[in-house]
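In the two complexes below, subunit A is the common chain; its partner is subunit B in one and subunit C in the other.
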Partner chain A sequence: MKERMSVRQVCFILIAYNAVLKLIIYPSAAASSSGNDLIFPALFDLAMQTAIIWSIAYLSSRTDKSFFQLLESTFNKVVARIVYALFALYFILAAIVPMVEQQLLIHSAFYDTVPSLYVFLPFFIFSIYAGAKSFTNSGRCADICLPVFLISITAILVMSAGQGEYSNLLPVFSHSVPSLFGGALSAAFKYADSAFLLIFMGSFRYKKGDAAKITLSYLFGGLIVIALLAIFYAVYGAMAPSRTFLLNEISVFFPAISYVGRIDLTLLYALDIVILFAIILHIQASVHCLSLAFGWDKRSALSLIVNAVLIVITFVVNNKFSPLYQAASRWFWIPALIFAYVLPLCAWLLKRGDKR
Partner chain B sequence: MNGDLQSRIKAIKQKLSSQDILVFEFNSLHGKKFAVIYADGIVDKNMIGELIVKPLRAVKESDGEKEIKLLLASPEVKEEEKDAKVIKAISDGNAALIIDGESKVFIIGVKSPPGRAVAEPPTQITIKGPREGFTEDIKVNLGLVRKRVKSEKLQIKTITVGKQSQTAVALCYLDGVCPQGLAKKVEEKILNKEIDLIPDSSYIAGFISKRPRSLFRRNSTCEKPDIFCAKICEGRVGIIVDGSPIALTVPYILTEDFQSAEDYYAVSYRATILRFIRVASVLVGVGLPAFYVCAQLFKIQLIPAKLLFKIASSVAGIPLSPSVEIFLTLFVLEVLNEASVRMPKYVGLALSVVGALVLGDTAVKSGIISTPAVIIIAFSAICLYTVPDMVETTTTLRFLYLIVAGSIGTFGIVLLTAYILCYLCTEQDYGVPLLAPFAPMITRDMADSIYKANFSALPKRPKVLGSPNKTRFKEKR
Partner chain C sequence: MKKESLLKRLSGLFIALLIAVLSALFFTNDFGLVDLRKTSVIIGVGVDFDEKDEMVLTAQLAVPMPAENGENTQFTVVTGRGSSVADALNDVNVKTGFYPKLVFCKLIIVGESCFDKDINSQLNYFFSNEYSGLTPKIAACKGKAGDLFSMQLPYGDSVTDSVDRLLSDEAQKSANVSTANLNDFGQGYYSKSKASYMPYIEVSGGESGDSSGGENGQDTGGEGGSKGQSQEKGGENIEFFCGKTAVFNSGVLAGILSKEQAFAFNLLNGEIRRTYVACGEGENATTISVRDCKGDVSLKVEKGVPVLKLSFSAAAKVQDDKIKRDKQRGEKETPPEVLRLCEETIKTYMGDLYAYTESIRCDVLGAQDLLYKKQNKYYETLKDSIIKTLTVVYDVKLRSAG
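The block that comes next holds the complex of A and B.
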């Protein structure tokens, strides 16, 4: 079955899913590594990733082929299958940190007492079902998720922006450039969204001007993250690293909350739907790659396998998030660099053939 | 074919042996013998007298089929030779005229089945706009459609479904407006199924749906011909089933349930507000009981402090946990609802007084259930009835949400919502996505979804339906 998305849906994915997964623990980690300069490593990562996103979008204007077809036409089917099998593994790997972050966010924001791990396990029932869906479904879900994301994030921005002390962000560049570069490198695995766009290639029909739309969408999502990073640090200052979850904590000082209750939590619940779909996209991408790599069209079975791996990982890393995040910051930039930077650039060297 | 009158009557009566099949034999003034066979109770006997017996008095002995046909005063006369077809026509409510010495039988339309008059449908009452509603008679219903759509493009295709019931099902669509092949697809889906009886259009709804066991329905229902015609004019196929006052239309999109006939007769601003209210009501109706349980059991901060104190004082001493309490109250509401619908009208009135006032009041006073629980369940029930077409789905969803909220908590609510969204995003019938125009987003169709634009801002038919004729409104200079 040919999986078709519209460019609009790709843009929506790049705005909403790109932003929402960077708003769970990443702001706290960024504040910890870069202090009041936390936005600069983020800006660097965003600029680099935006350039790669543009290059893939521009490549899409030159060919109708998917990345798999490009590999196949340049080398052969075996090479294409090996690369896609590696991509599938990469997407599983890339899903681990957001999935565990989401689990911690749920435990913190959804319950007064710390619930057991079993409360999170129903996620996998949904994940097995949704993971088997095609990119057409991902695109349609993004159509629903973008308004939810924009409304919730705008409300959170409005509720938190007025509570910040923006002098907390001064003086700029108080950290050394190597330290900021280190911060950017450790967060590079968070800015690896181009891998998705590479996999989406051939699933959407390119029209003139779409490269600009796709790139600007990604930039827009990234700028929302940067705005929230700045507000987060403005609100909490030096305490920011100890406030684990931005979404849960950034708007607690909004005066109306004492009258109307934690409406910010309601917004967080709405955003959690977007977070769920953003994580599911990793599983869908992994299932898609496995399906092509092994020439096996039983997506439900593949989704079951991918989720089984993730369930095992969830049990293994339970209560070990801190070492997991440290390891991710230290090592995950390597696969991110390969799959989200090197391979997209290499795609330009592949035989494109004529665009129909 | 035997032309002898008695043997012909005998042959038909052998197959139609039921006692309500009557035979009326009469002679013309010149001695020619005739017999009329009809099913008692579904024909108009006066019409038999006026249109058949009276004119045929003048028939001469030598007159043949042609002369006799000319004398018949009915506009609906068909000739049949085969007994099987004659029997079917009699069962349908026509009269069969047998002429001595002739092989052909005249089938004369004198159908007059018992039925009610055209009245305002009880489920789709409007303040503004037409008040006529469909009845159980397919001919009346088709007449109501023809009355509104006089175009030569209106196509009505009648098929027969049901091995025993032989129910007439009419497919109505506008040629050139309805997508090519859609009516054929619907017809094939209906004819692919074989069943004894079609008592109602809901049976046909099950036939034409890709997933008949889905919690979400796949066709729209309407009791008002004005809505039916409007949907046909958008490019849909309408289905009218004999014996059912509820017509169906396909393809279906979920937003149709949030649209009311009155939206199109009221000012668009008002219609938009009403649609938002309906959407909000459904969300509140489905989610409020679950949310209340979650707030009490898992995240008390969701409730504002002052309200929390009120609730705390109300629930103090209640022996049941919040989830059991809400579940029990909801169960009582569903029982009351079911009983009041089934019971005779006057008993039903007494029941609502006993149920709502005595039972509810006593339960609260005795401290079995709390006041907030009663308020929440009552409000939830009212909310769901703002979109009556979705009640079957939303009441089931309310139970699902409640179970999930009581067991997993708020994350369960979020997960179930994501699951439903993902499911709805996937589903499509006849190539039309269920969640259009939101997923996939179709900007043009948004103008008549949750938001209702003025009709002058809706010059095009809904894009999602894929009508070959896109324009439905243009201003003449």
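The block that comes next holds the complex of A and C.
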């Protein structure tokens, strides 16, 4: 019998992985584009993406088929394979920014000089191994990551919430609506988690009420991000855009730190493990899509190929993160819109076949 | 028989590869880590400008030493010169051969020669440095910051540690010092008021010259003020005094608040836990202990006129006075006339504070920022005239602490 993820594991992925990848450089970028109104574009993106997540979760209640099978039954196998090949490419591209973000975060937090790029490369030894694993494995990792995430993020919230000057968030809507919409659009690539849920379809067994659980889980993760965005701006005010890494900087004013040292770095270390698995989920999703697109079950070989591509990209974008992030903000909302908004909605138009 | 997966077949190769990569990283650059013996950490930095307008950066370094002899840290002061902080730090590196690390820097002192320049721009390196963060405390000093750091204190104590103690959270919570870190300074600088502050350090004894008297014509006798490190060295008594506050307009020094003005500023601005107020004169001289303090600056616009309200409330108790003991013994309540006297004293300090900040055109109380944040609909119409048209209301309420 084919092993499946549980809905609990899907929910955990949508809480933890959804949140951590938005807590690296995105808060600083959001502060830069929307200033004290940074939470409004984030709320807009979150609301839109939550609606899409709900639509996919609800679609899962109407069919047992995967998205690949839906495409196959509506069109044919060739179309399904082409779409999945594009999805694989999308997941590879979507992994680049968080991968480099994580690299820079570690360099900033745990090194006092900028280490060589080669120090980061052992990441790929693990990612080749983990990338070859199925979604069932991703679910098990999420089971471990969620408590780690919740404990660490709660501690960070507690340490930082009291250090902010919340009047920094005033006046609300000081930026124009087009400017805020621009901020939401440029951050849309960060709110593209529904692409994963679409690929998960058929990999978990839906039970009554699960759509609400999945949607609320995503919303919960998103609201943690919103809360931290607000605290981040409250702590740093107009200087928030110059503070690159929220996780490394938000709790440094906690009084105990001046006596006992950077205890928050242990929390950052724990969260970094969650970030690691969140990035690897991109590779697992890409390998899964490639496997179906080419009808080739050699996941280890596919993981090697995907990681080889990412290693090459890592060398190409080394020391070019700023232009990379700018390019992603400017252009990557287009593929994000297609794979995380348009295609999930189009899934409703596909032949669902047998209903529950 | 089940076919072995590619990963399993390659696992031996993976392990060999892992060992090879990690070995290569270890033997080439110790995983990017730095040898302790070649390292020094900067714990404090002084910034001055010389006659040629070149930046002079004085770094107090803590040099980790092998612990066999019991002493595991030595302090040394190194001076670097350059066109910017980064350039001067590089000069420190050239002179010492150490890799100076700013991650443990906890104090930045700017000397008098920096006061006529935009300090925020001069210290841009620290504001944008990811390794040091915005937690270092910042202070201004009379004379040269370099001279301050060069002072030799007995018992091996470093100037950085001594001054850092005077600017501690505890000192701030007693309203005796206007402690500020880089984040506080930067937030003020980038606010609509463009005003920021930092404690002003004066040294008596030593080589940085002595100090006495207020900077704006007021005597600074009496209680309070963060003062300490009185230490005998060769017959010379070195004392640091941090009770005054330097205020800046767009990063340029606008003036120095006297001890009383700084005290009023701290009551309004800080989270004060407990402090003492000396009020009355001669036989009526009384020292009041004040706790459960709530200070606030708020702004309202009433009939088109901006009204700045400086409010302070606390529980007060007579701590010491010259009234005959037999009259007071057994009294649990603080007499109302003493409370009123203390209120008037605090109001006088606040009035002096506002009058002085108005005279130097420094909105360190944040009226313009409050107008922008909390009365935003009036901002465009009042932003240019607010300082001239502002009405100030003082609301000081003390209750008996019992």
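Definition applied: the second predicted complex is superposed on the first by the 352 of 356 C-alpha atoms of A that agree within 3 Å, B and C clash if a C-alpha of one lies under 4 Å from a C-alpha of the other, contacts with A are read in each partner's own complex, and residues count from 1 in each chain.
Just so it is clear, a contact is a pair of C-beta atoms (placed from the backbone, for glycine too) under 8 Å apart; a residue touches a chain by one contact, two chains touch by 3 or more.
None of the values given here were measured: they were computed from a predicted structure.
In the superposition on chain A, A:L71 makes contact with neither subunit B nor subunit C. By the document's definition of touching, both partners, subunit B and subunit C, reach A:Y129.
With both structures placed on the common chain, the touch criterion links A:M239 to subunit C but leaves subunit B unconnected. Of the two partner chains, subunit B is the only one that A:G139 touches; subunit C does not reach it. Once the two complexes are overlaid on the shared chain, A:A293 sits clear of subunit B and of subunit C alike. Using the contact criterion defined above for the overlaid structures, shared-chain residue A:S258 touches subunit B and also reaches subunit C. By the touch criterion defined above, A:V119 lies against subunit B and subunit C together after alignment on the C-alpha atoms of chain A. Once the two complexes are laid over each other on the shared chain, residue contacts for A:Y111 go to subunit B and to subunit C alike. By the touch criterion stated above, A:D272 is placed in contact with subunit B alone, subunit C being left untouched.
In the superposition on chain A, the residues of subunit A contacted by subunit B and by subunit C overlap at 111-112, 115, 119, 122, 125, 129, 258. Residues of subunit A touching subunit C in their complex: 108, 111-113, 115-116, 118-119, 121-122, 125, 128-129, 132, 165, 167-168, 170-171, 174, 235-239, 242-245, 248-249, 252-253, 255, 258, 298, 300-301.
For subunit C in complex with subunit A, the touching residues are 5-7, 10, 14, 17-18, 21-22, 24-25, 29, 31-32, 34, 99, 101, 103, 127-128, 130-131, 133-135, 169, 181, 183, 186-187, 190-191, 372-374, 376. Contact residues on subunit A toward subunit B in their complex (touch as defined above): 6, 8-9, 106, 110-112, 115, 119-120, 122-123, 125-126, 129-130, 133, 137, 139-141, 143-144, 258-262, 265-266, 269, 272-273, 276-277, 280.
Those residues of subunit B whose C-beta lies close enough to touch subunit A in the complex are 298-305, 307, 408-415, 417-419, 421-423, 425-426, 433, 435, 438-441.
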